[in-house]
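Written out below as structure tokens is the structure these notes cover.
First chain written, first letter: the chains are A, B, C and D, and each begins at residue 1.
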Amino acid sequence: MKILVTGFDPFGGELVNPAIETVKRLRDNISGAEIIKLEIPTVCHKSLRIIEEAVVKYDPDVVLSIGQAGGRPDITIERVGINVDDCRIPDNEGNQIIDEPVYPDGPAAYFVTIPIKAMVQRIQSRGIPASISNTAGTFVCNHVTYGVCHMLAAKYPGKRSGFIHIPFLPQQVIDKKNMPSMSQDVLVEGIEAAIEAIVDTPTDIKVMGGATH
Amino acid sequence: MKILVTGFDPFGGELVNPAIETVKRLRDNISGAEIIKLEIPTVCHKSLRIIEEAVVKYDPDVVLSIGQAGGRPDITIERVGINVDDCRIPDNEGNQIIDEPVYPDGPAAYFVTIPIKAMVQRIQSRGIPASISNTAGTFVCNHVTYGVCHMLAAKYPGKRSGFIHIPFLPQQVIDKKNMPSMSQDVLVEGIEAAIEAIVDTPTDIKVMGGATH
Amino acid sequence: MKILVTGFDPFGGELVNPAIETVKRLRDNISGAEIIKLEIPTVCHKSLRIIEEAVVKYDPDVVLSIGQAGGRPDITIERVGINVDDCRIPDNEGNQIIDEPVYPDGPAAYFVTIPIKAMVQRIQSRGIPASISNTAGTFVCNHVTYGVCHMLAAKYPGKRSGFIHIPFLPQQVIDKKNMPSMSQDVLVEGIEAAIEAIVDTPTDIKVMGGATH
Amino acid sequence: MKILVTGFDPFGGELVNPAIETVKRLRDNISGAEIIKLEIPTVCHKSLRIIEEAVVKYDPDVVLSIGQAGGRPDITIERVGINVDDCRIPDNEGNQIIDEPVYPDGPAAYFVTIPIKAMVQRIQSRGIPASISNTAGTFVCNHVTYGVCHMLAAKYPGKRSGFIHIPFLPQQVIDKKNMPSMSQDVLVEGIEAAIEAIVDTPTDIKVMGGATH
């Protein structure tokens, strides 16, 4: 199996993004799967173009994207991406899309096609807190969650995708009040556990709205 | 205009549900619209059957459902319902559905068809905190958010629907630690403001994935 | 019984302070006690001088001060004031005292001398959330909590005092994210209930470190 | 310099206590100071007796106690201990003291005598979130914060003491909803940084209510 793992660059005034920092530190081979690492910009549409180039180039079985969810205390596996961009802040190229669909011709949502509950359980089995999230927001993280699902469904059938949100790193919350964080080592171990669950879980146990749970 | 406003009965060990308490106290006519009030059980599918009976009986233009979101500090207007039941607790008839679609033949999600941003602004203009929510969870509230959208799209075209989550009442949080609440008077004023926005907002300003924003 | 009830003016960029707004709306006679209402500035030392002038002028039995604790979801009765000013922001005259004692010759702390648990219970009995707080912070609210205790102990023996923190009003949190609030009516009812408990509770049931609980 | 560092055993249904787990893993010599490690029971008064035995036996210059503050996201250095036991749950010997003084003849409070702000800064300089706390609660943690200060002031003059609260470990929050945690490695590094600040900070820069800040 080949898994393309993407991580965003820093945004929103942060100097680092735990997403790309964590992706960089992943082992190159997890449970027998080859891990391909890709930094993507926190920019609507451009992020999807760069992912598509890598899909064409590397032909991965799974696209797993990682993003920062400042304020969440645990690793959250997203269940669904919705067809809307409604950005609270501008993206890294200064565009702030309000209430536009990601793809005008796309359906309202896609359930991700990775085994979200097996991933939560595997992360927890390492002593690391994790849970299912039912919203990836309406910024670039949801844009990628939805956008990759749509891209694969429309043009690269048989490939699967999903999204994981991770907390701030400890150093990011020093000047923030009452904000949870998770250390780099724990993040890497948690994401590697999640990837193991993707590798180990049969893909056809249950299909719902296009999703394998 | 005729608006069917539904409120759930108490669940999860609570003695009251601010949803039905608020619905009961709404004016019968808001901005010229006739308000029809309906208590629904916190039960998957049965709630939808009772709503459908009322849709047939009263022929409303809009179905607006109200539910309790314990822990949220403000009135939240839901943006989307997703096609999954994944219940943390049993419903009021003891059924705890895990990872089943609401409707097996339905799409992954529906955007609600009420003017969510105009509703937030109208509530805020009364000095009452409100915001958009991007998840109604995966319990009976989402079940109704999604289910009514699907029912109307499939069988009653031209009718619109949406969902509002409201905080606990003050008396519900007395024995809970560090939990926000909102008083009954403020809830009624907030929901009435939201309904005014539904009445006053043209329905065809913008359509996205079936949604009017 | 005569009770002097003080409320701060707005600070920290807020347009209103729920403290003085609530004090203004209190009944003039609660359970037979005469209520004297006093607005005080959010300024270290000056606030205490103005309270002392009122103590001399009105000869109250109890001084009860009310302050805003933005972010807290319930009415909190403070247990203790500590002998330190350590201000996160400047007060309303631009002074930002860092790590100075309120009174250099004072003890480390005073327990308040009002019946904090009876007050919590009375507020809760009205269906309004309330709890004991073990810190009034280190800004002007603690300054007044400690300072009035010290003033009374040193110069006006037999008089009692205490402090109640109240949440933001709903209109204050409209532009704040995920922030609890409490409506004006509930605040007035809660504070009146607290005052009833002060009036009704015998003052010598238990003394600890100078406190009656 | 010799520093006695104490850590509590598990309480409140937890299987581990990050306090003693962290204390066990500290280096035996930090910045030239000898570190003496002591497990103490989460029991009122007994905890203080065991600390006093160690004070007599080892003659430390500083007593630094570590405790778990479940729910806090960062390392918090306590500013003050107050003369009250008011326990929400029973201690580990089943006693639940309500509204009793720790020492009936003690003052209302003690400011700790360790350099709390230098400690916060040193921890933060390692990229680890930390802040001052103004309340250690009213359970065994405050009991020890206050009790050790009183013991040293009354019987062992010249010795100093203080208290640090630390978050849950990641494995403790797996079955808790929306709860922050901090990894074992980060906790050890943070507490070692705090101890370095104690060693490196002159003890007489400023005295307030008996505290050196």
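Note that a contact is a pair of C-beta atoms (placed from the backbone, for glycine too) under 8 Å apart; a residue touches a chain by one contact, two chains touch by 3 or more.
Not measured: the values here are computed from a predicted model.
S.K.: Which neighbours does chain A have in common with chain B?
M.R.: Of all the chains present, none is in contact with both chain A and chain B.
S.K.: Moving only to chains each one touches, count the minimum steps from chain A until you reach chain C.
M.R.: 2
S.K.: Taking each chain's centre as the mean of its Cα atoms, which chain lies farthest from chain C?
M.R.: That would be chain A.
S.K.: Distance between chain A and chain D based on Cα centroids, please, to the nearest Å.
M.R.: Whole-Å distance between the two chain centres: 39.
S.K.: Between chain B and chain D, what is the gap in Å from one C-alpha centre to the other?
M.R.: That pair's centroid distance is 48 Å.
S.K.: Quick one: chain C and chain D, Cα centre-to-centre, how many Å?
M.R.: The separation of the two C-alpha centroids amounts to 30 Å.
S.K.: Please output the residue numbers of chain C that touch at least 2 other chains, ranges allowed.
M.R.: Residues: none.
S.K.: Once you draw an edge for every pair of touching chains, what topology comes out, line, ring, star, complete or other?
M.R.: Ring.
S.K.: Along chain A, where are the residues that touch chain D in the complex?
M.R.: Listed in rising order, the residues are 73-74, 124, 127-131, 169-171, 173-174, 176-183, 185-186.
S.K.: Within their complex, state which residues of chain D touch chain C.
M.R.: Per the touch definition, chain D meets chain C at residues 79-80, 82-84, 86, 99-101, 106-111, 117, 132, 134-135, 137-138, 142, 206, 208-210, 213.
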